[in-house]
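Chain IDs A, B, C and D follow the sequence of writing; residue 1 opens each chain.
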Amino acid sequence: MTKNRLEAFSDGVFAIVITLLVIELRPPELDDGESLAHALWQLWPNYLAYLISFAIIGVMWLNHHRMFEQVRIVDGGLLVLNLNLLLWMALIPFPTAVVADFIRDGGASASTAVAFYSGVVLLAAISFSALYAWILHDDRIMGVRLPPEAVRAARRRFSIGVVFYVVALGLSFVAPWVALGLHAAMAGYYLFDQASVPSAEPA
Amino acid sequence: MTKNRLEAFSDGVFAIVITLLVIELRPPELDDGESLAHALWQLWPNYLAYLISFAIIGVMWLNHHRMFEQVRIVDGGLLVLNLNLLLWMALIPFPTAVVADFIRDGGASASTAVAFYSGVVLLAAISFSALYAWILHDDRIMGVRLPPEAVRAARRRFSIGVVFYVVALGLSFVAPWVALGLHAAMAGYYLFDQASVPSAEPA
Amino acid sequence: MTKNRLEAFSDGVFAIVITLLVIELRPPELDDGESLAHALWQLWPNYLAYLISFAIIGVMWLNHHRMFEQVRIVDGGLLVLNLNLLLWMALIPFPTAVVADFIRDGGASASTAVAFYSGVVLLAAISFSALYAWILHDDRIMGVRLPPEAVRAARRRFSIGVVFYVVALGLSFVAPWVALGLHAAMAGYYLFDQASVPSAEPA
Amino acid sequence: MTKNRLEAFSDGVFAIVITLLVIELRPPELDDGESLAHALWQLWPNYLAYLISFAIIGVMWLNHHRMFEQVRIVDGGLLVLNLNLLLWMALIPFPTAVVADFIRDGGASASTAVAFYSGVVLLAAISFSALYAWILHDDRIMGVRLPPEAVRAARRRFSIGVVFYVVALGLSFVAPWVALGLHAAMAGYYLFDQASVPSAEPA
């Protein structure tokens, strides 16, 4: 019961955040003699930012989903660490809008925007790792004792994510477009990785 | 369990997107001597766009609902293709606002606005077809082997939708109002079609 | 199953609409020498509109809730008539904002704003009656045959609501404040009426 | 059944309100020669307000969750008092935005902003106490008769919350930053308090 309500609340937040991204997409105001087609085309940084953030939040939801499939008992620490994850995840539309507004300015603005974006995503990834560490630290939460190699594999997978986001953060200052591409590549990789998960039998 | 959470998340996104449409409706600012009644009346393209998009998203939710009634097992491909559908569906408030802002300008702006709208709806329809093709391609997902004629009928129904949206996209450049009317007619047709579905016995 | 998803989707739309009302409340911009306290106080029409609309949507949710407690089978007509109700209910934040912006202007603007508000609420109430009529028209939907006097009582209750909203609509043109007061009084009456419903045993 | 839908609706409102907080965070407009990094840094009152309100709403959700774990029967009074709680809780993004906009102005504006914030949070806390008092006043709602000392402890815990918010309201006029710090401290205290709740066995 407790777990159902935690999942329902989290799903609600994920669903709202992923949908709020569209609010940043506003009809353009045309300059004199500008065609609507041109103005809509000029919004491509917004489309790109929408796409990457949608994929990142979608992947986070999929991971959250798989993580909680294993959870059987919810304690206070889990509730609070889950809130902490939602805090950072719910922020993502804000740096998404900053990237959309400043990525084309180039120079320090583009670097700052992508670094800001990378920082928020990194904090969300760290929050994910903390949540998973909490789930693993107490056998009662999962109800089963995982084989050590499974735990190590899961820890490694999360650590690699954090490392990549640190790299993206560093890259932002040198090559913001490459850093943004790294975010897109990672989200795409995780999506294809998830797509290959075999079907689960119904409970 | 997995299927329940997928439906809950999708329902959340559908509910939020259909409700965000109202955000585009803002109280008008009155020109000198203009009456509020006149200003509210002038917003009719917004009302029309609200109505058509509400109907389209409502129909998509009904179809999603019926499609997942048949699903018994959720695999990774289904999760990712469902996210892809939500990506395009969640975009709809943006082209809706573009149509509301530019349809009355006539000329190239009206054509571009309706073509943009038609394109996003078309991509959502194609995503729907891809999701359904995935559900059909593996007997384990539905848990039953559908009779071939039922599969053919379902495929035909989705293909007709895609064809009509392609026609609407093409029509946008020639007669944007007719293209918009085609969207309204299709949503209305699907709604009346759904309304005639007989009652299902409770599980 | 079908009924659960219909309720979940409807609850999502109700929850979002009732929460979106707060978006209309924006921090004021201070005039020269104006205190924040005065500027916040000047927003009282917004607070009033927030309060009345919150109560109206809350009452609609409570009624929706009670109505679907009786439903056992969902057919296509029910799905479409429910979507129609959500369409009008989801519009309410828009006339709410119009009332907040124009009620203090007095004259024709105040009348138009409250009439617009009354009209949308009236259409939502009519949609409610249509939904209930559909539920009653087919014994299979409720699974039980209601005693005729219960049906008559329910029909009367809904008709009275519609009649009062028609009166509010008419009053708007003569005395917009009185019409607004009628809305507040009705929402308050329904809330106190609901508050006296005895507790239901858990299923 | 009734209880499930009440929880689902409430969870929806909580999830939306906590997520709408991010809407107040908008990409900055740069002054001449200003760096984006500086402009983002200047938004720290917004980040602070986001953080505190996120924590407060998160704690409210956790409390709501624990309170309804004990509820077995839903009556009309519970529904209406729950709506009343949601009314005040859903308002929070508005005073949050007011604090973010005016806290740095100092003087009367800062005091008014924090007092307004404290007042809305206080009304939400009082609504919580009223809801809990209703749950306690009728043994049938919880299905068990709580030991008197447990009732006293719960009443004391809620009363302390109300008292602290009254203190924060008073402090706002003298030292708005201290009052804001008190809100942050209380939310932090409740979060750590919740984090120590032992795990519950699955139902």
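Assume contacts are C-beta pairs under 8 Å (C-beta built on N, C-alpha and C of every residue); 3 or more make two chains touch, one makes a residue touch a chain.
Just so you know, these numbers come straight off a predicted model, no measurement behind them.
Least-squares overlay of CA atoms from chain A onto chain D yields a rotation of 90° to the nearest 5. Counting the residue numbers that touch the partner chain, chain B and chain C have less than half of them in common.
Ranking every chain by how far its Cα centroid lies from the centroid of chain B, the top place goes to D.
The distance from the centre of chain A to the centre of chain B, with each centre set as the mean of the Cα atoms, comes to 26 Å. For the pair chain B and chain D, the distance between C-alpha centroids works out to 36 Å. Contacts with at least two other chains are made by residues 8, 12, 15-16, 20, 23 of chain C. The touching residues of chain B, when paired with chain A in their complex, are 1-3, 5, 8-9, 12-13, 15-17, 20, 23, 72-80, 83, 86-87, 90-91, 93-94, 97-98, 100-102, 108-109, 112-113, 116, 138, 140-141, 143.
Taken in their complex, chain B has these residues touching chain C: 7-8, 11-12, 14-16, 18-23, 25-27, 30, 35-37, 40, 50-51, 54, 58, 61-62, 65, 69, 191-192, 194-203.
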